[in-house]
Amino acid sequence: MFDPSLIVEGVISGLLIGGVYSLLAIGLTIIFGVLGVINFAHGELMMIAMYVTLVISNSFQVQPYFAFFLVLPLLFLFGVFIQKFLIQPVLDAPPDIQVLITLGLSIALQNIALLIWGPNYQSLQVSRNQSVIHFLGYVVSVPRLLAFIGALTVSGLLLVFLKKSNLGKAIRACADNREGALLIGIRVERVFLVTFGIGAACAGVAGVFIMPFFYTSPHIGLTFILISFVVAILGGLGKIEGALVGGLIIGVVESLGGILADESIKQIITFSLFIIILFFKPSGLFGKKLR
Amino acid sequence: MNFPSKFHILLIAGIILILVPFFVGSYFLHVMIIIFFYAFLAESWNILGGLAGQLSLGHGIFFGVGAYTSSIMFIKLNVSPWVGFLVGGVFAAVLGLIISFPVFHYKLRGAYYALVTLAYVEIFEKLALKIEYVGGALGILIPLRESSLLALQFQSKKPYYYICFALMIISIGITHWAKMSRFGYILSAIKEDEDAAEAVGVNATKYKLIATALSAFLTAMGGVFYAQYTTFIDPKTTLSVFVSIEIVLRPIIGGVGTILGPILGSFVLTPLSELTRLLIGSGQSGVHLLVYGIILIVVCLRAPRGIFVEIQTLFRKYFEKRRGEVVRHYGTARS
Amino acid sequence: MALLEVNRLHKSFGGIRAVNDLTFSIEQGEILGLIGPNGAGKTTVFEVISGFTSPDSGGVKLNGHDIVGLKPYSLCERGICRTFQLAKPFLNLTVLENVMIGILAKGEPVKTAKEKGNEILKFLNLLDFKDIQAKFLTIGYKRRLELAKALSTQPKLVLADEVMSGLNEKEVMDTMDILKKINGRGITLFVVEHILHAIMALAERVIVINHGAKIAEGTPAEISRNERVITAYLGRGFSDRFQDLSKEKR
């Protein structure tokens, strides 16, 4: 049968990549929580960040982590731009229109990437960091560990920002009750801009951290958008802490699925899980029972 | 009648389209065929997506099921694709009922419905990639038999042209019937507000399932035609989210829920993709999809009801204004 | 036998008891009122009876048949139809089309649905608006359209959820007349209302609930004299006004 240590290593590796999923899904869930919009272009935002990381690392022959300092502000601004010119005008339109406009954006971004970088899978050229450390006798990949630490640090900082800062409190107020926030003088539109910026930046940073041990392609966003939906819905759409835990769970499930079966079976399992959650627990694992 | 009626315009357009193959070359015919083809698919989607308001991103499944069913029957059992139309359609409809029932039963609506159908199409694509019997990732090459109506294979493009034209007309007819009938009224109520519809006695799940089955059946017929026309199918080009997107874009840009909007959508978008293909050369470049994506965004922002409705409104305004001027002219003359 | 019997109904939402051991019955042909302070569970009672929510325990019987667990549309077929507190017309359909849906759902062809729809609109004085999209109606007419939609299902029992809230005095009077007219056709009415003087004038019998439990039941006159209702539910400030109302009624 299976080597039990293989399972443990699977769990560890799943937890580590799960941290990245958490960060990605936090971006999705915060946008939904505050704006009520499901961002179908979220995976493409991550894809763009992955390419930016790739370009920076390859052209300057530096470690990909340096891209963090460019990707974070770049994706934040891109998110603000999307909110200002695409989402804001249709916030009061029927929800289908919001789905469609982000879908249109995702189609456009996919094909811009296809035009610029071509259809092939690409990964970093700098000597790949294959190093591992041994932890209690188990092998742990260093790039994954770094991604995990980085993603959780960013998520933690974001949570502190939302809990402590005035702007963060304003964001939470808008998520709670939009009219109420407006009434007490919060500039809701500006909060929306910042929120979408933060959401996009989360996807961007997740892209930076995953790039050292992953590959990118113009259509890679599709994989990630579904994963981030699974995570966000498992944790309860709009709940940041939920997305944090959900990411770790999905990371482990997927990783174990990968041990037992191959890549495409793994995805079938994840997506089936997604559908089953939507059927039986649409408010997420930690959510109240829907009426 | 103050302005040419819709019926007259359509009649003239129909006659022109019937005569077209006698005057043009085979490339132009090919473009017309794919315009009709996508118009047919757009209209098929429109029954579920437009009339019933369910934003399905899963129509790639039905398309693929049609293409695969008829191709496998054609190759392994030597069954005519005409039978494939029926069997593929029935398979897709039944599959649509099976996968949609829990979705409707658990009341997944709006964006959630779109998400589930997206996940479904991904699952089915991955399954098709794994199953060797249906050719896996390599796909299926449909062998060329002698040119015959029975095998739905022809040397000339003209028969394809008329078959596809007929499919499009049939889909328009079905949508027209659906919209004017009891079925269509009830779907429009479900689209507006499902709870309110159930409160006045509408079994929303039942009607959404009927719309799904009908839409899936027609979409699968499109898949059958595609397989025989291109003679090659694989999961990516026939059973994937990319197929879904191609199907969804035209009715949405043209005018969701209208009868002629999806047709107009195809007449606008499909030549654009051919144009970019001619200008840029490669079919893989994705330029046409980039253009589609941008058009979709612009339509959402500026004309969320679709370009057909916008044009209709302009048209009406123009004629009303002209009539208004005439009246005023008479008014001054009489006074 | 009563038309509708509700027996020991319970329903909680995440620890909050919306309906608590509620028992009552509705007689054929009457107008029964249901009142109670905000959050007393009135709408939940309606949602349970009309099948939009299932109860945690307890029974609901229509003409002696158990109807718990049936879906809204099948309850509608059996003759129970509700209106929504926030009026839910089909906004982009015309007024006539709004009324046609309930008739079509019964299996009638489009032509018949148009004829019957027109009759209902005439009955409720809505005929002038029949070709207008419902979204352009004022709130008063939207609420009246809710009643028209309910009538289109040929109901035995209509659950009217605050059909008068947000209306001006004249509109309230009109709506009361309409409700009486509907009742005059032999249709039983179960009415939730905030506007107390309206329900006191309209209903033959009134049930008062608080925190999901029944605290009083009786004729409007009895209710308005009930100390428990006045103090525990309306608060002392309201008691004077309540006394006035019962005088008015006499």
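Think of it as A, B and C in the order they're written, each chain with its own count starting at 1.
Keep this in mind: a residue touches a chain if its C-beta (ideal position, glycine included) is under 8 Å from a C-beta of that chain, and two chains touch if they have at least 3 such contacts.
These figures come from a predicted structure and were not determined experimentally.
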Most central chain, Cα average position: B
Centroid comparison with chain C (C-alpha atoms), farthest chain: A
Length of the line joining the C-alpha centres of chain A and chain C, rounded to whole Å: 47
Chain A-chain B separation of Cα centroids, rounded to whole Å: 33
Separation of chain B from chain C, taking each centre as the mean of its C-alpha atoms, in whole Å: 44
Residue ranges of chain B touching chain A (in the complex, touch as defined): 53, 55, 102-103, 106, 108, 110-112, 114-116, 118-120, 122-123, 126-127, 129-130, 241, 245, 252, 284-287, 289-290, 292-297, 300-301, 304
List of chain A residues in touch with chain B within their complex: 38, 40, 86, 89-90, 93-101, 103-112, 114-115, 119, 218, 222, 226, 229, 264-265, 267-268, 271-272, 274-275, 278-280, 282
Parts of chain B lying in touch with chain C, wherever the complex brings them together: 180-182, 185-186, 188-189, 192-193, 195-204
Touch list for chain C against partner chain B, complex: 50, 52, 71-74, 76-77, 81-84, 88-93, 97, 100-102, 104-106, 108-110, 113, 149-150, 152-153
